[in-house]
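Next, two complexes with chain A in common: one pairs it with chain B, the other with chain C.
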Partner chain A sequence: MPLLAYIIILPVIAAALCLMFKRAAAALAFVMSVDALFMAFSLFTGGRQELPLLSLQAYPLNSGIYLVAALIVLLTVLYSLKFIGRHERLGEYYGYLMLALAATAGALFAEEFLMFFLFWGVMGLALYLLIGIGGKKAAGAAQKTLIILGGSDLLMVAGAGLVWIMTGRMEMGGTLLAVNNPLALAAFLLLLAGAFAKAGVMPFHSWIPAAAEGAPTPVMALLPAALDKLVGVYLIVRISLDIFLITPGGTASLILLAVGSFTIIAAVLGALLQHDLKKLLSFHAISQVGYMVVGIGTGLPVGVAGAIFHMFNNALYKSALFFCSGSVERQTGTTEMKKLGGLGQKMPLTFAAALIASLSISGVPPFNGFVSKWLIYQGIIEGGQANQLWIIWLMAAMLGSAFTLASFVKLLHATFLGQGAELTAKAREVEWPMWLPPIILAALCVIFGVFAYQLPLRYLILPAFARFIIPGIWDPGLATSMLGVGLALGLLIYLLGNVRSVTQRPAFYGGEILPEETIKVTGDDFYDTVKRIRPLEQIFKIAERKVFDLYEVSRVVVGGAAKIASRIEEKIWPMF
Partner chain B sequence: MQSLKLLFDYLIFPGFLFCAVAGLLATWVDRKVTARLQYRVGPPWFQPFADIAKLLGKETIVPEGVSRSVFLGAPLVGLAGVTLVGTLLWLVSLNLGQTFVGDLIVVMYLLTLPSLAIIIGGSASRNPLAAIGASREMKLILAYELPFILACATVIFRTRALQLGEIIGWQMANGPLFWSFSGFLAFAAALFVIQAKLGAVPFDIPEAEQEIAAGPIIEYSGPALAVIRLSRAMLYFILPLFLTVLFLGGFDAWFPAKYLAVLTLIILIKNTNPRLRIDHALRFFWGPVTIAAAAGFILALLGK
Partner chain C sequence: MANVLTLFIILPLLAALFSLPLRRGRDWFFTATAASLLALALYCYQIRPINNLIVFKFNGISFLVLDGLSHFFLLGLALAALIYAFYSFGDSKAKPFALYLLAALSGVILAGEMISLLLFSLIMLFGVGHFCQKEGKQIGLGEKASLALAGLFLAVGLISIMFFSGSTLLPMAIGNYPLVVKVLVIAGFALIAGVVPFHRWLVNAGSPLIYAMVNSVGLYGLLRFSYNIFGLDSRILLLMTALGLLSLLYAGLIALARKNIAYNNIAQTGLALTAAGLATPLGIMAAIFHILNLIMIKPLLVYADEAADKTKGVVVFAALLAGWLANAAIPPFNGFWSTHYLVLATVQKGNWPIAALLIAGALLILVFSIKTLKEKCFSGESGEGAKVSWPQGTALMVSVLLCFLVGIFSSNVIMQVVNPAVIALANGTGYAKMVLGGLQ
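And then the complex of A and B:
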């Protein structure tokens, strides 16, 4: 049997075995995910492959995505060995992880709508079940997730139906429909709704923050941060490049740009005011997709390439950040930023990974997030020739980047830097299965940034494009070596000076000795001044009433249409 | 050979050494003019150099319980970033055809490195005053980023170029952007942004000596403080150069006059305004400055 079949069937078998043999589940899942990584690698290096029987097809883009997905599954399993430890539902946990792995492969390689919907649905189901493992506090979040994803799946099926009516084809792609009539527009929007919900684009986002509160942290690192993004954004790319034809400045392009820009800004403003580590990260899991949607929305090769690159980068740093937050949670027992602080010295490896991932997500050169954002900006600016609104998209994207930096400054200060706290006093570094995954991902963030052209762009992204022009210049290799020389120069200045005789003194704040808890700046309230600036204050008040949350709105306005959808879904699921 | 040339460019001319000497002299001009305005004599020209030399000889004091690599490493990142921007701007100014490291967007991002270094260093120093200062520095970035994007976008739109060499080239052919309505408004907005990036009055809110005792750099001493001071001084040379490149036509025979004019404007603003409060600074940048920059951009769309 060909590799493409194994890649789906083996994890399903592994999932079944995990469910049956609870004791061996961890080992089984580990072996399976190592094997999946090997299979992904040989598939990736093997070039284009087809399996017409199940209408599966592998080409550089989707096998590249699967390679990254398999890597993150492996790291998640490794991380879970210590994080989950001995859970009473261990068999289910690893079983569902393997189910998610299989479904990801299926959804990525499927070339036909029916096949795709099957795997896409299983992926949502696995997510629902995995969130549910978080116990009672996760039950509501799991239900919300199921309703949003299930409801939007129905919309997507309707969209595929419209495509079938227009073209008579069930293949995903090769149709290149122009979005210039109401029917095509409806099909485009319906298909997008499904992709948006999975990827977490506003207004279908609200399941992610809800899940962040209850779900086990590795589940957050795996699904909403990585797999759902990879598959969801992959679908947006397919919809926008293969099924429909997006012309720069056209309706479809404007819709994507507007939704993407709104998602970037609204979610990042939400992130700025969070008090909980995992919730803050979950808002960034929404905001970052905005960049990908904007990049695809430009309809230009450079923007789309930037979006795909950003999708890979996001999977790397967002998973790393969720892993780090899980490690903090495990060592201190909390993720409330008010109660944390000063962990940088106690958990140096976790801190190093969190610092690199934070700088990457904030788009600080020379890390990977900068390169992909930079490509997206190039796309926006180049697209400016077709439409005067480009400045709005550019402002949203670049300002969003500054706000991202701000919220990560808050996270780093509150958690790893700043003064210590009661809960962090006795914290120690986590064991290697928990620090190694974020360190590997952080190292990849650096590599993807510094060798952007030599590695990710060349092997993962550019094969998908025929023609490619970048108007600007960014030479990450040269810039990094120059920055390195600069660091060495600074070190030399230190050594010229009197840096070897270091003395330690207590921090000075005005002569009076006060107990540390009375003078602690937690970082939790860093941006309260920003919150009180006039237009923002009103916006935040409106947002508190959940007006931007389609889930809440539809619950109130439509009076439970989504619930009906979920009931239908619940009836349908058991049949699979 | 090529890499030796680059190393020379970066370390000696037009990179570190050149920018450091010029920057320290610029801070001397600043101190001297400020002193004269306040009826004082002011320091001799070598005072900034003597200050750095003195700091290098001082003891390094590190607050208890900090992660030393972060605390002492952060200033170095700032220095490396400033030097890279300086080298980039000069190399492109001296040879328009040269493509070195990055374009305008890259420069915009590299210019946040010095502020970020200060924030991380201050945050790492476990001092409540430093934490307050660091949060203010970050809020200041949020404040000026919006008009800064608009001002740079105006330049990009007018010149249809992202590369700095092309931006200067366009101005050589069509006259400096400053002499047009849109260019002037963008320049004015960018000038305030530069003022804030320098941490000069009225935007010295993060350091606010009299209030939070130098904020994020309160715990720094000796060589680390010397590196921070040096980076700040280099910015005094590099940021006005950046404005010159974007709006005044870059490096030519008139460069000294253009540079001194920008520097004088900065010193004038500094000496005629009291420090703002952070929320006032946010309102100022998101209000009048952004409106001016947006008006500039709209005028650019109309071709003015």
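And then the complex of A and C:
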């Protein structure tokens, strides 16, 4: 039997066994995840493979994505050993994780629309069930998630139908359709709706913050942060490269650039104002996907390569950040930032991982996020020859990066730095199964940044493209060396100078000495003033009424129509 | 060989007669009959040549006809009856009436000439009222009047056809009739199928057996007459599409507002009817496949809902989950494939407003399903501590497995079960030639 068949069948069997044998579920899931990683590696190094019976095909790009997905599944299972512990729905939890793994593989390797929809839908189902593990408080979020994902899937089927009409084929690729007529544009938009919903692009994003409130944290680390992004963005890439012809400056390109830029800015502004760790991260999960959409929207190899690289990077640092927030939650019982602080000393490994992941997501060199954003910026600039709006997209991307850094400064300060709080007083480092996964991911963020060209770009991304030249000058090795020298100089100055001789004096207010606990600066409300900036004030007010939430708007419209229909049925129909 | 067709009517009729005076053993009678009918339906796949038919002649006329379409519906009927037999084990009040209904429904499906078709239809409509009353449903004047109206429409319509064609044979009835005659027949079957605006009786009278069997027979009549007898009259097809869309959207909205399964089931029927009105090979296939799935899904929703109110446990949870996910068109369950084929069929037809409305309707069903699932499975409230009884558990698990397996092996099911019915319909008025022996 071909390896591709095992990659799908074995996790399905593991899922069934987990559901049947609750006590052995964790061990089963762990063994299966290790096996999946080995299989993924074999597939990745084994070249192109096919399974015609299920219309599956593996090639460098999708097997590379599966490799990263399998790694994150393994780390999630490892993390869950302690985080989930002896949860009463343990069997279901691991069973659904394995189901998600199998569905991810199927969706990545599917070459034909109907088969793709099957696996894609099962992924959504697994996500729904996993969010539902969170219990009653997560029920609403699970409902919202499945309605958005299931609904957008129906739109996607209609899109596939249009492609079928135009090409006579149900295969995902082989013909490149120009988006130059209403039918092609409709097909393009309908297919994108499904991909956007899964990846969390605005306006289909609202399930992610909702899920963050109730779902178990490892679920957030695995699905919305990693697998859904990997598969969702992979689909956008396939739509844009294999099904449609995206020309720089064309309609499709403009749509992607506009939606991507809006997603970057709107979501990052939302993130700035969050007071809960998980919700803040969930808004970044939305914002980051905007970069990927912008990169693909450039329609240029360098931009698309940047988008794919950013997709990998996002999976690494976003999962790491969710793992870190889960560790904080487990040790303190909260993710509200105003109740946290000073955890850096008590949870040094978690802090180190969170710091690296935060700098990576903020696009600080020499970490991986910088390189992928750099490529996307280059794509935008290079595409500027085709469209004069390039400056808007570039500003959105760069401003988004600055806001991301600002919001992570807040997160790091409020959670790990500053003064301690009541809840953090007794906190200590989590057990190794919980600190190891974010540390591994943080290490990968460094490796993917410093050796960007030697490793990820060379092995994961460039094989998917014909050779292209990356314009501009960026040598990660040189940059890292210079940064290292800079940091060493700073340390030298710190050690040789008298910076350490700090004088501490009590704070006075109205002639009284203020007790230390009353002058605590949490950093939680650093950016609340953003809400009062003139043009933004109105936008935030509108956003609070959920006007930008497509789900909520649809709920109001459909609810109104349902009431009218019900009234007709009650009052008018009986007359006939 | 053709005599075997009579068993579909005689067996349940005899079982009804024998079980009526019994106080005990009615459940066994019903279960054995349903199982026999299912075995018979499967046996007929062995003896019926592919894409051909079996005709039982009585006094030289084609009294009973089994072609791909009627075979499909007979199989669905027997399957639904067997699941009902298990689920309602221990509640034997309505069993003789269910058997009587089963005989009448088989008669409608197999009827090859119009007098018997009319008689079986009237017996069926009479039986529906009695069966519902025995099931404890509130059957008022409105519901009885609706059923009577269906009988009247069919009687006037079929008698008119006999008058115009000069024959009682269904295959001889092929031809062009005044629109009003066609509309009367369509309205009669639409009432039985419970589509809007003929749906009110179903809201109060709805039970799993009615949803799975009686409504399906209504759809059978609609398909048989619009395709094989009226010969794809574009006005009738448009009427079917309009009725389908109206049912889908109107009932879909009311289901959301009132949280009522009956309206959901009406909306689902509308989904199938819309595709049937497209009259394309893919549309017919999608409609037939969806009807097959509805025969499994609709009763499962009601059974699981009832079970969840009284009991709890893994079986009930699985039944709720599978039933509502299948209803919502979430993979890997059967509803996913048929709904997706329905969407593809409307898109392929190129009629964008219909495609858009069908997708909107499917979204309404999805939203209703997921909302109900949340209330039933994730609200934290559950029934009393008791576990579901073994026959009920068996019925639920068989339904869950069917929804799952038909989803997984959808292409095989389409090839083996759905396609013969599609071919029978796509054959259009060629049905007459086949029945009259031209192709036998």
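As a working rule, the second predicted complex is superposed on the first by the 531 of 576 C-alpha atoms of A that agree within 3 Å, B and C clash if a C-alpha of one lies under 4 Å from a C-alpha of the other, contacts with A are read in each partner's own complex, and residues count from 1 in each chain.
Operating definition for what follows: a residue touches a chain if its C-beta (ideal position, glycine included) is under 8 Å from a C-beta of that chain, and two chains touch if they have at least 3 such contacts.
Everything numeric in this text was worked out from a predicted model, so none of it was measured.
Touched residues of chain A, counted separately for chain B and chain C, are more numerous for B.
Once the two complexes are laid over each other on the shared chain, residue contacts for A:Gly132 go to chain C alone; chain B is not touched. By the document's definition of touching, neither partner reaches A:Leu245: not chain B, not chain C.
Once chain A of one complex is fitted onto chain A of the other, the partner contacts of A:Ala142 are limited to chain C, with no touch recorded for chain B. Touch criterion met: A:Gly151 reaches chain C, while chain B stays clear of it. With both structures placed on the common chain, the touch criterion links A:Leu114 to chain C but leaves chain B unconnected. By the touch criterion defined above, A:Val122 lies against chain C but remains apart from chain B after alignment on the C-alpha atoms of chain A.
Of the two partner chains placed around the shared chain by superposition, chain C is the only one that A:Trp164 touches, whereas chain B remains out of contact. Those residues of chain A whose C-beta lies close enough to touch chain B in the complex are 342, 344-345, 348, 351, 363-365, 370, 374, 377-378, 381, 384, 388, 391, 394-395, 398-399, 402-403, 405-406, 409-410, 412-413, 417-420, 471-475, 478-479, 482-487, 489-491, 493-494, 496-499, 501-510, 519-521, 523, 526-527, 529-530, 532-534. On the side of chain B, the complex with chain A involves touching residues 6-7, 10-11, 16, 55-68, 70, 72-73, 75-77, 79-81, 83-84, 87, 99-106, 108-110, 112-113, 116, 119-120, 123-132, 134-135, 138-139, 141-142, 145-146, 149-150, 153, 156-157, 162-163, 213, 218-219, 222-224, 226-227, 230, 278-279, 282-283, 286, 297, 301. Of all the residues in chain C, the ones that touch chain A in their complex are 142, 197, 200, 250, 253-254, 256-258, 325, 328-332, 336, 339-340, 343-344, 347-348, 350, 355, 359, 362-364, 366-367, 370-371, 373-374, 377-380. On the side of chain A, the complex with chain C involves touching residues 114, 117-119, 121-122, 124-125, 132, 135-136, 138-140, 142-143, 146-147, 150-151, 154-155, 157-158, 160-162, 164-165, 558-559, 561-566, 569, 573-574, 576.
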